[in-house]
Structures are given as structure tokens and as C-alpha cells.
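What follows is chain A paired twice: with chain B in the first complex and chain C in the second.
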Partner chain A sequence: MSMAVVHGRARGSRPGEEVPAAVLFLILAAIPLVTSGYVVYILPQYMLYGILAMSLALLWGNVGILSFGQAAFFALGGYALGIAMKQPLGVNPAYVGLLVALAAAALVAGLVGWFLFSAGVRDSYFVLVTLALSIIAEQIAVSQSQWTGGWNGLFLMRMTLTLGSALEYPLYEDIPAYYAVLLVMVVTYTALRGLTRSRFGKILAGIRENESRMTSLGISTSLYKTLAFSVSAAVASLSGALYGMHSGFVSPSLGGVLFSTEIVVWVAIAGRSSLLAALIGGIAVSSISNLMSAITPQYWQLCIGILFIVVIAYFRGGVAAALPSLVERFRSQP
Partner chain B sequence: MTETLLRIRGLSKSFGGVIANADVDFELPAGGIASIIGPNGAGKTTFISMVSGHLKPTAGSIEFRGRDVTRLSVEKRARLGISRKFQTPSIFPNLSVWENVELAVLASRRRPRDSVGRIAQVLDLVRLVEFAEYKAVSLSHGQRQWLEIGLLLGNDADLLLLDEPTAGMTAAETHATAELIRRLSRELGLSAVIIEHDIQFIRDLRAPVTVLHLGRVFAQGSFEAISADERVRSIYLGKA
Partner chain C sequence: MGSFLGVFMDATLITLVLALAASGLAVVFGLIGVVNMGHGAFLTLGAYFTWAATQAGLPFLLAVLVSALAVGAVGLLLEIALIRHFYDRPFETLLLTWGMFLIITELIKIAFGTDFRNIASPLPGTLSLGDLQIPAYRLVVSLFTILLLLGLGLLLFRTSMGLRVRALVQQQESAALLGLNIALLYRQVFTLGAALAGLAGALISPMLSIDPYIGNVFLVRSFFVVTLGGLGQILGGTVVGSFIIGGSETLFALFSSQVVAQTIVFVLAIVLLRFRPTGLLGSGRR
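And then the complex of A and B:
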């Protein structure tokens, strides 16, 4: 067997997700062409949840580290953008806000991650620390009311995309905002997909599979895990900033434990090993949750909880991991 | 004159009151092979763990290419070219054989321009070309040993620390492993320190032997000299 064949077969054994991703993006792009109103208003927020879910999948699926702190970074992004947009800045304050949101989340995650990972903290304790991050984020959002509006939350204006005096593209209307968020989602997915297939991403997968072996191969695993956590936090913060901008409002509960748990549920149900699955999970499960909360305000969380337990009990890798074997079983039936 | 790659002086390790290694001196020239034998509990794995950085010595020094590495971490030693194979193969079981070696190449300090060629070369050396697309978990125990040696080669190691590399192998595989290690030394100039119980394998290596006993160097010399040593024969090799 030639090496080229071996190489191709060894690498091509996993199904690609580019085609389904392209189909999803095309469907989403077509929706405002065929409908309008509430769907076009609300879908971008679900897409931003999808980005948030991908931020967790990058960490949980690729490195094997579960974080209950994604909501903290989501809220950080929302508040950073909101506070920046209220400042009298020479340049477009929304751009400054987005940069601050990304940098602040990456820095906080970098400091926390390096402190924990270089000290050899086990993954289970890391989960507890990230849980505390969400509690801290919610408390700060409540206590620093001069900046955050406390329990009342912070109101945001929708941003205007500018490029000097040449371009001015306001996102006040729902359709421009829809396509701006869709573009960010496509770019984020493509970038994260590229990251997972790069040397960096492969080394993260190696750490997930056998961390001590990666150390013995000369890799500083704490550095890589910290970088992964930073990137994940920055992506969560980006989605939070855009969510705040789109919905026009951020509140302390966006950074809390309950919302962090919801993110984990989306990704666990959809499948953490695939960015696309996480993206769909973020969009679909949050949509279903919203729908169910309208139908049964008292029991919708119970229903989602039961769905979560069923998936964890029967499909540990989520729907995405179970799908290939289910399709195979369906095909093999006479 | 051949450069000394590894120079160890007075290496000792105690766990509480238990002495695992005491005052061990050891040298290995660049491109050289050395084997270490001794009964269970003689301190062989402790010794190799101190060289790889997985254990910190209580006393003594380890020099690699003239540089004191005694206090360096595992990954820093690996980046200098010291790489270890564990008693129980430490591989990436859920990845394919190709992806295993690819990870080692990606992690290496001198990444080759032609990574694919490098992976192919390593797979050829460790006789796993046919299994490139298999998941590592599906390999036999002996093949996993070879794959782990492949990881060390893909990682561009200069010094291979091999802890029982032939465990679980057939006689033919064991012989082929000895051939491989000698070939790596002869053709690529790699060095190896090997812990083994299989005396036939030690004979095949045709390399100097160090006998550890109760954590100390009990005897050192060629295989012939060691096997002719009555004290060693009576204790480790058996008189029959």
C-alpha cells in the first residue's frame, strides 16, 4: 500500500462536516428572504447562543475540559460593549467595546487558566472554579451598579458598522442585524474549525487523549490548555457582546450559574465533539427552550432537564456522536 | 573521541525511608546503547524516571550533552531530546496509528518540512505501515510497544529511554526490536538506555550491561562478562 493512500485513508476516516455546515448557513441566509417579523428578530440571538455553544465545544470537545464559566464571559462581553458604547470616544465606541470584550475575557481566562493548569489542578476542580467564576460575574454585575445598572441591567444601542467616512451601515433594522450576526457566526465557525485542524488543535486533541504522553513529547500542556481557555472565553465574550447589542439589554443573570448550566446542556445534548453540532445545539435547544417556556412556564426547565438526562444516559457523546450509528442501523434494516 | 551524551553521578532516590536508588554512576556515549537489568524492585524504573524527569532525585546529578538537567521538567528534557517509552505503552488509543505519529512529529523540537514523509519513514521503521489507518487501541500489545517507539522517533529524540520495550512480544518480534534499536544507533546515531528482563533480547542488543541490585550498581560490563560473572549468574541469570 502506498504511503499517499495510507495517509489519505488514515486522515479521511472521519466524516467532514463542511457540507452540512454550508447547508445550514444557506438555510439561515434564506430565512429573511421568505419570512419576516419575530423569526428574523429572534434568530440572531439563537445564532449567538450557537457561537457561545461552540466556545464550550472548543474546550470540552477538543481538550476535554468542561467549563461552567462560559456565561461569565458572555456577560463580560455584553457589559464591556455596553459600557464602551456609553463613553465619548473618538472612534466607533462599539469597535472599542468589542476589542475590550475580547481582550478582557482572554486575559481573565488566561490568568485563571495559567494559575490553575500550571499548578496541576485536576479537571474536576477546574469545573468547580469555573462555576465560581459565574457566581463572581453575577455578583459583580449586581454590586457594581454605577457601571452595570445592578439588578436593573444595562441598556444598549444597536451598533453602526463604520469604515472611516466611506461606509456607514447601521444595524438598527432587524434584517441588517440578522445578516451581520450570521456573518460573524460563519466566520467564527470557520475560524474555530480551522483552529481545531491546525497544529494547535491537534495538540489540544492529543492532550485530551493522553496528557502525560504529550508532556513526555515536550509539550507544555498547561500553556496549551490556558491558550484554549483564553480563545474559548474570547469567543464567548464576542457572542455576549453581540447578544447585548442585538437584544439591547444585558442583566446579571446572563453571567450566572443557571445560564452556564444551560450552555452545558445545549452542548451535551447536541454533542461536544463537533463544532457544528454544538452550533446547532445552541440554536435548536435554546429555540425549543424558548418555545416550551411559552407553552409551559412552570415545567419547561424540567422537560429540558429530562431530555438532558436521557441523552447523557443513552448517548454519552450527544446526538452528533449517536447519529452515525443510528443511520447505519437504519440502513442495514431490510 | 566520542562525546559523552549522558553522564550521571551519585544518583539517589528515597521514598521516605525506602532507598530506591543509591549513588548510581552511569555514562552513555553519543550513539551508544546500554541496557539495565535487575530483579523486580532493583530500582531500574526509578532510575529511568529520574533521567526522564518524571521523578526528582534526592541527590546526584544528570548531565545531558554537558548540560545539567537534574532539575529540568519532563517537557524541557523532551525538548532537549530525551524521550521515554513507558512500561505500559503510553499512546493515543482513540487516534489512528498515523495520527499518533503525526502528533509526535507536530510536537517535535525540529519540525521537518516534509511531515508526511517523516511520518511515513517512522511507520516504516516500526513496521506499522499496514496499520496506519487502524485505531491504536486495536493493535496488539507488541505493536503498541513499537508504536510508542515510533512516537519517540517522530518526536526527534536523541536519547531513547525504553522501559521493557519487548514485553508482550513474540520471539521474532523481540529479535526485530533488537535489530531496530541497533539500526537506529548505527544509521541515525540515536542513543538508547533499555530496561529489560528478556536476557535473549539483551544478548541480541550486543550492548554494555549494567546490573542494578537493591538500588545500587551491582556490576557493569559486556553481556559476555556479565553472564560469566558468577555473582550475577547466581542471582539474576540462573546457573542452569
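And then the complex of A and C:
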């Protein structure tokens, strides 16, 4: 995975990210062929963290809006799918659940985003509000226990893919679930990458660079910021819904402040301005965290904290921006 | 009408305790605009220092004093090492101070473990006011908060240091041209804020079980207190903001559960922030 970063020169929407992305996807696709057991079980959950990280990078790297509330949408997705799958529905309840998860997150983010952006709430104030959103999400998950199970959380079943009566493909086994999540990850990455390179994405980058100029060009920046927040929330919600389905369990802490800021740490360390870097960051940091928490949980978290400060203070672009220049330096000294 | 008086007393005490917790942020964020996400960690640190000092046999008041000074010293160190390079970049400061929060929290976990710690209340009794029972310690801390806020007001409006800080807040460049040592002023204000957070954590510590995340409860609330009250409105703003965040929670909790009341208050805070971004007592300068 580090190879992918090295070759990526990942920054912004430059060309050249496709090759390392394809390499990463191929490596991930090959993993179940060479190994089995715990890795194949757990890796999809980290890929979903990677999608969650991309949802933040879309907002932070492309529009310059930092959200401390991505976990709120992640949890919203998990709970929406979980609650929908418990209802007696005519069609496949998991499909309905996924649609509800996407729509609910996009709607909530759209309302909150428009409410705030149209009044000029920005920067630190927006961070505070999103931090509060996380707390609100956690509190709702705790207090509305008739829906959410309160502190005990909510148990989910793995879904079954259906296509009318022609196809019925359960994801109960780990390998089908692995490839389903991988497919969603590839599609999400491709879609978001297309989005950042479209006219819409260019306007978002314009807002990041100089918002007042975009306004004077006649662009409703609050509308575009709201749309970006909505898309980002929907992606976070999608990853949360699939995470709940895959792990079989959602709990209030998934929406909480600590998890929300963990996402910020992944993206900051990996590089906020590249979707691929964020994706790799989400997968890599969370898998290493899992590995290290077994060995030395406390000192590992401390290292992450120190690394985070170093990145913020010295390497604004994170690993994705720092690696290419380091490689250059090595190359120039034979 | 006894219950009405009880609710009123409850709301007042909670308002003042929250004002105490927010006072450090009111100084750091309100005066010099540092979005200090480490504020909660400073509170937690104050509580743990107090616990360690009382375990070591220090009398409570001395432990509180030592904790406040120690957290002030931590704040001073962090200011010298990190914060001072980023005063002109508030967004980086936000992230850096969040990193400080992560590191301080992990160090607390390493040093003290994650078990709950309890400090025996130095004034365990209650005062009876008619048929109303008021916890004596909370009452004393609340009264102290009023004195503390008045003291901060005096410091800001009646001393030459306060005059310099206000000059800095209003016109940084002119203040520097007039020969004020801007860097030193920033350092003093940040250290004062950290010490106040340590003091608050120390005084609040006997009221609850201490764990490495107790500061989190106060972090977001403190920010809302300061922004709703109005940046720079140390005295009135902090009290008004604390009442909206803390006092109104007590009132809402009458009609619903505690958790629902908290949710309502946060939603209310977001709505107020949108319509009055400069705070209720703010001047509209920002």
C-alpha cells in the first residue's frame, strides 16, 4: 500500500492517481486468494473506514471545510439500515435501508449545511457545530432506545443481494462480503474522483481557494458548500450502513466525538487533498491501530497524537505530499 | 413553591459551575482568539493533579492551588513549544490544540490508568434553606466563581496588564507600534487561561468521578458558552452563555430526560449561533 502512495504523487486532482489506485485495488482484490480467516473478515471494515475517510477528504481537501461530525453520519447510516432491515417490507429491506441511509444523511446534511452556510458560519465555528452534531447523534442513539437499543446497541444481519427472483446472493460468508465491499469502495472512489474533476468539483476548489471571488463570479457558494456537505454525508452514511451490516452491530459510540476526530486524524496524516491518500490512510491507520492496540495500546495512541501534531505543524499535505519530495531527495543523492 | 425555588437553585449552581469551567476558554478564545480544543484536557489534567496531590497528603485547598499552577505551567510550555507559532493561523491552532488534547489524554491514561478516581468532598454537608437542601461544596464553589469572574473583570478593566490586553485585542498592530510586547502578552493570556482551566478542573473534581475524558463534557459546552455569551465578554457573557447552556438544561430536564434535555440545548445553541454569530452580548465586531 505504501507503494501506491510513493507512485501517486497524490495531490489534488492531478492525473497519475489512477495507476496507484488501480494497483491498490488489485492488491486488495488478490488478498482473499492468498490468505483467509481473520484478515478477510476484518479488512472490509477497514475499507469502509477508508470510504469514510474519503467522505471527509472530499469536504476538507476539496472545499476547505473541516467537519468533526462525519461519525454522526456514519452512525446514522448504520442505524438507518439496521432499523429498516427489522421492518416487514415487500422488497429487499436491505436495499430500502441503504436508500434511506443515503437519503436521510443527505437530507440532514443539506438542511444543517444550508442553515449554517447561508448565514456565513465557517471555519472554526463550523467545526464546533459539527462537533456538536456528533454529540447530538450519540445522545439520540442513547435516548431513543425503542429504535436504537440505547447503550446496548443494535444488532444487524448480513444482507442478501437480490435481483427480482432471478438472483439471490447472500453476503453471510466472508469472501462474498469482502468483494461486495471492495466493489462499493472502487465505485465510490471512482465516482468521487469524477466529481472532483467535474465542473462541480472545480467550483468547489474555487471556493476553497477564494470564496469571495467565486461569489463575485455569480456562484452561490453556500449552495455548492451545502451540496458538497450533503454528498460527503451520504458517502459517510453509506460506509456506516455497510459497516453495521458487515460487523453485525452498531452502537452509540460510532457516532461520538472521539470516533469523529479519529477520522480527522487519519485524513490529516495521510493527506487531506487526495482522495486516494485519504482512502489509504483510513485503511492503513485503522489496520495498524488494530495491530498495535494488541501490543501497546496506550503508547500507540500517544504516537498517533504526536504524529498528528507533527503533520499539522510541518507537513500540511500529510504523507501524500511529503513522500514524493522525500523520494526525490533520495534519488538526487545516488 | 418549594420545588420552584429548588429548580431555580439547581439552575443557578449549574450555571456557575459551567461558568467556572468555561472561564479559561473565555480568556484564551474570547480575548486572543485561540480556538483551544485542549481546554477540556486542561480541565481533566487539573482534576487528576488534584487527585494525586490529595493522595500525597496535601490539604485540599493547597492541592487546588498546586494543580492550577501546574496546569498553567503545562500551558506555558505548550505555548512556547507550539502555539506561539500559529497565532495568525486559527485553523491550524484548532488542529494543533486537538492534537494536544489527544496527547494529554493518552499521557493521563498512561500515568493514572483509566479507572474512575474519586476525591472526597472537602465540604460534604448540605445547607438547609427552608425545606431546600443545598450541597455546601457546590454552593461555595459557585460563590467562588462569582468572585473569580469579578476578579477577572477587575484584572481586565482596572490593571495596566488588562489595559494592554484590551489594546492588543482591539488593535494589534497599533499596540505593537506603541511598544507593547505582543508575544509576551499572548503568552501571559494563554498561560492564564490554562491555569484557570486547571483551577476549574481542580475545583470541580470532588463533584464527579474522574476519568480521562471528563473534560470532553465541558469542552463543547465551554465553546458554546463563550460564543453565545460573546467573545471578549468575560463577565456578563460567560454568565449568560452558561445559563443558556447549563441552566436551561436543568429547566428542559423537568419536562424530559436529562439526555433529551442536553440534545435540545445543543440544538438551541446551534440555532442561536446562526442567528447571533457574535453572541448575545457581542458587539458585532467580528
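Quick notes on this one:
The working rule: the second predicted complex is superposed on the first by the 315 of 334 C-alpha atoms of A that agree within 3 Å, B and C clash if a C-alpha of one lies under 4 Å from a C-alpha of the other, contacts with A are read in each partner's own complex, and residues count from 1 in each chain.
Simple rule for what comes next: a residue touches a chain if its C-beta (ideal position, glycine included) is under 8 Å from a C-beta of that chain, and two chains touch if they have at least 3 such contacts.
The structure displayed is predicted, hence computed values, not measured ones.
Within the superposed three-chain model, A:I304 lies in touch with chain C and out of touch with chain B [touch as defined at top].
In the superposed model, A:S220 makes contact with chain B only, not with chain C.
Judged by the touch definition given at the top, the superposed model places A:I136 against chain C, while chain B stays out of reach.
When the shared chain is aligned, chain B comes close enough to touch A:S212, but chain C does not. Comparing chain C and chain B on the residues of chain A they touch gives the larger count to C. Of the two partner chains placed by the overlay, only chain C lies in contact with A:S124; chain B stays clear of it.
Touched by chain B in one complex and by chain C in the other is not one residue of chain A.
The part of chain B that touches chain A in the complex is made up of residues 52, 74-76, 78-79, 83-84, 90-99, 102-104, 106-109, 116, 119-120, 123, 129-130, 132-133, 151, 155. By the touch rule above, chain A contacts chain C in their complex via residues 66, 115-116, 119-121, 123-125, 127-129, 131-132, 135-136, 139-140, 142-143, 257-258, 261, 264-265, 268, 298-299, 301-302, 304-306, 308-309, 312-313. Within the complex formed with chain A, the residues of chain C that make contact are 35, 82, 85-86, 90-92, 94-96, 98-100, 102-103, 106-107, 109-110, 213, 216, 220, 223-224, 227, 257, 259-260, 262-263, 266-267, 269-270, 273-275, 277. For chain A in complex with chain B, the touching residues are 1, 3, 6-7, 9-11, 13, 199, 202-203, 205-206, 209-210, 212-221.
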